[in-house]
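Each of the two complexes below includes chain A, the first together with chain B, the second together with chain C.
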Partner chain A sequence: MSDIDIKRISYLAKLKLPSEKEEFYSNSLKDIIKWVDNLKKVDTSKTEPLHNVTEKTVSIRNDEVSKSNSVDDVLSNAPERAQNFFKVPKVVE
Partner chain B sequence: MKNSISQIKKALIEKKISVGELYDEYLAKAKSGNNNSFNLVIDRENNISSINDSQNRYNNGNPLPLDGIPLGIKDLFCTKGIRTTASSKILSNFIPNYESFVTQQLLNDGSIFIGKNNCDEFAMGSSNETSYFGPVINPWKNKNSQNDNLVPGGSSGGSAAAVAEGSCVASMGTDTGGSIRQPASLCGIVGLKPTFGSCSRWGIVAFASSLDQAGPLTNCVEDAAYVLNSINKHDFNDSTSSNHQREDYLVDINNNFEKKIKIGIPSDYLEDVSDDILNQIDNTKKALSKHGIEFVDVKFKTTEYALSTYYILAPAEASSNLARYDGIRYGVREDGESLDDIYLNSRTKGFGDEVTRRILIGAYVLSAGYYDAYYRQAQKVRRLIKNDFQRILNEVDFILTPTTPNEAFKIGDKLDPISMYKNDIYTVPTSLAGLPGISIPSGLSKNGLPLGVQFIGNYFEEKSLLQLAALAEKELSFNE
Partner chain C sequence: MSNNWEMVIGLEVHAQLKTSSKLFSSSPNQFGSDPNENVNFIDSGMPGMLPVMNFGCIEMAIKTGYALNFNINKHSVFERKNYFYPDLPQGYQISQFEFPILSEGYINIETGDNQKKIRIERAHLEQDAGKSIHDIDPKYSFIDLNRVGTPLLEIVSYPDLSSADEVINYISSLRQLLMYIDVCDGNMQEGSLRADVNLSVRKKGQELGTRCEIKNLNSFKFIKQAIEYEFQRQINIIDGGGEIEQNTMLFDTSTGETRAMRSKEFSHDYRYFPDPDLLPVNLSQEQIDKIKPLVGELPQDKFNKYLDNYSLDKDIAKIIIAEKQNANLFEKMISESTVKPKFIAAWLVGDIFAFIKENNLEVNSLNDKTKDITDLLRLISDDVISNKAGKEILPKVLNGEGKPSELVKELGLEQVSDSGELEKVIDEALVGEEENILKFQGGSDRVLGYFVGKCLKATKGKGNPKLINKILLERLKK
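The block that comes next holds the complex of A and B.
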């Protein structure tokens, strides 16, 4: 197992770990990854990955228009809104 | 003994109690809040029309299947107009404008919601200690250390404690790796995880989508059948919802089996377990043998890989599912100068330690260079685990295991994550295989705490599973 680059992982997860907690999470991750490492010894060369455990055919519904979620519904929980939009800081300079 | 749904319905039909009086009785207990089992309690005035409608149906002699029954709902189900937090800071202000499929079925059948049950944050935990709203206290006490507060198990810990303390008749929980069965066992009640794909996930705050399944926590097996009848339906809004024909789970529940039943006990599950746990299996075996049920030893080949597989797949799915919490569209937003700062600050301050840890594990096992070695390999091993169960279930009708490796432990006792994760050793394999499992109370430990056993059945065969559990329950029931 290679070393865990906690800065890179937290960047991927869009988290900004406080520096005093980096070691805590880094050690914790190392322990867990070491613990799950036993899967590497399982021979799966002839095994397909399992995505949906019941593997039933997905049922397809008729393509009918239905009404749900008004604009106000969708925006009702927005931390900040402006007219019919979610409001965020300026993105383009 | 607490009253069952059928006993309560009888009292309502015979006018021995009104729907309003029944509601008030449970509400008063829920409001006392001694065990912190509710994140939110719904006042009478907010339920008054449901109470009146329900009473009218009783008065007119046509009550619905769950009419007037006060239920708790894990705070992971979206409830229209009622705050739904997943016990997380990041959702602490979230008010859904739609109802989850499962809770809608319960409302359609006349039940009345007492409130939203506390749970582990985003259902990630086995002790209910990761909740933003604080730990839930198990109503049971260790007779040798009466002053200690014990965990109720998790993640549906508030649901289990609420049913056990009598502040709701039954509660809806969710189970990803044991989150219904393990707390049910530690609180001395019944917990059913149906087959994956039975009950729609639509409107349940997602944790690990290939594992999450809704199910009831109840005082008795018959009550679990009542709730399952209501919630087990096909739903087009969940692409993994199965569209097979459902049965009536109450019919035949108290009948004996017509054919000879064989139950497998995996001996590898029982290595290194305490006498307390072994006794549960022995007692169950003795009780059911009297009814002509045969027990055989079965051997799994994949048990040692189940927890590893789970702790790769569940965090991977969680890290992906929880990417939606960004402080923009709903949930708590933390200030930031740029859009990116808002994302980073909202997520970092909004998630607790355990959720952060699992997001990080997930991001790691899905990242470039590790995806095949961890995530894909775990998905392959998951197939081997499923095949292993199918092989055993070709030999036997059901599998009997302990539900948990130990009794309820002290709040704050288990600090390192891996020892906490090991709590789910008997429930995780069933979840990975997608099979239905039910935990029923089987006896008390030396410390006077409840313990449970788990029965596992074949895919979508909840009917016979409940029949077996009801039979075992009659033999094993104990009084508090």
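The block that comes next holds the complex of A and C.
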């Protein structure tokens, strides 16, 4: 099994990991992967990949507009708002 | 020197589909609304909300498939592309990855006098993200989610393009086609059509180099500038003994330079996987076939028709097919009148387009004036008024100042085509011109022009020049 880059994973997950916990989480993740790796024991060389457990096709709707809520509804959980914008700590690329 | 270098370019063009509602929600798909006006709980990524596929988007994708010579795939799959950004509240973009709805298409572009086939690898449906505004507050970003969930068709070409001009031709042709089949409004300023440019350089005939991607260009001017800058930048690095790093670049419109995005140390790890909220799209052949007639005539079809049926010149036909609204206006006038199409076309690309340009109008805005325009053209082609008088009246007709026949009367521009009356004028004009008459009979054609001018002047420009010419010749040859 390949090694786990715990720093990179915590970056991708946007989680701050104290350095003393890195080894613990690294090992936990390794255990999980080892367990999931059991799946590799199954021979899938002759099996088509399955994208969904049902054989059905996506359910569709017609291209019609309906409005179900107000701007205030959408902004009601925002940590901060300014006029009708969500206000978040600056993120600039 | 850049002489022995060449650029290799592939493009990702994002076209916003002009549906009424969004890809997976029934919020309005509309530009220019107040902030967060077109946002519901699906768009804002509230827990437990489920996306529902808008069939209008599939329909538009299939139309695009026909227009761009794609294989239309009966089976396609939506996947989640995971990344964190405040204007992407779900935490992932729903896109198609392994199984796009369209694959292996192409279009032909013109390069000089030749055509070049540009192969297109794939086109897939995906959601647009929202907008972050950074310049209102020094410490905060303001987020507007109106654009979240807007349907995009991402059209990915093979690296078949080799100059900025080819790129611009390719995007113009794509834009023209998408507008013809009515799936995209083509408004680049509003971001309805944007391009990411993948560019690498190589010495002629050598292997492909490492490419850089320039993100989010939304005008032909910037695309050209960015390509030329990036081409030179890469050559300079290699000439200086360096190597090109595979990077995502931003184009700074104020300096005309490209620069690498800051987060390059973590090239994205999108962790695609099939979206468990959405079943695969499985289309039947019947569903696909049913959409074919909606594609309508494509620019090339119209071009051939104009040449074959209406005997237009190539250059004039090209101007008319350039935009669908030109072609619509032209065909409306043909269907409403018996004036020769060739005559209509000449006036359309001449004085009528000049008027539109001068007054900053949309071609569409003349759609309700076609009857008046063709009435005026009828008066000109029937010699009721002169060409010159026609040019004088046209702007008034286009401004809706009156009916052509009324304007002709009002301004006294009716042409004198009564041969009795013209004969009188001509006879008077010839009095005392014995010397010139002899000159003409001696073979000097220039004198004829002099006489025509004299007669026209005598009629205050209203005499029918063709008729004057004819009668004059009869008189002079006696």
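As a convention for this text, the second predicted complex is superposed on the first by the 89 of 93 C-alpha atoms of A that agree within 3 Å, B and C clash if a C-alpha of one lies under 4 Å from a C-alpha of the other, contacts with A are read in each partner's own complex, and residues count from 1 in each chain.
In this text, contacts are C-beta pairs under 8 Å (C-beta built on N, C-alpha and C of every residue); 3 or more make two chains touch, one makes a residue touch a chain.
What you see is a predicted model, and the numbers here were worked out from it, not measured in a lab.
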item	value
Contacts of A:85 with chain B and chain C, given as first, second, both or neither	second
More chain A residues in contact - chain B or chain C	B
Contacts of A:64 with chain B and chain C, given as first, second, both or neither	second
Chain B versus chain C as contact partner of A:19, first or second or both or neither	neither
Partner chain in contact with A:52 - chain B first, chain C second, else both or neither	both
Shared chain A contacts, counted only where both chain B and chain C touch the same residue	8, 12, 14, 51-52, 54, 56, 58-59, 61, 68-69, 73-74, 77, 80, 86, 88-89, 91
Touch list for chain A against partner chain C, complex	8, 11-12, 14, 51-52, 54, 56-69, 71, 73-75, 77, 80, 82-93
Residues on chain A engaged by chain B in the complex (per definition of touch)	4, 6, 8-10, 12-18, 25, 28-29, 31-33, 35-40, 42, 44, 47-54, 56, 58-59, 61, 68-69, 73-74, 76-80, 86, 88-89, 91
Chain C residues touching chain A - in the complex, by the definition given at the top	19-21, 26-28, 34-37, 39-41, 44, 46, 52-58, 77-78, 84-86, 99, 132-134, 136-145, 250, 261-263, 266, 269, 271, 274, 276, 278-283
Touch list for chain B against partner chain A, complex	93-95, 97-98, 195-197, 210, 234, 236, 239-244, 304-305, 307-309, 311-312, 319, 323, 326-333, 336-339, 342-345, 347-348, 351, 356-357, 359-364, 367, 373-374, 376-384, 386, 416-418, 432-434, 459
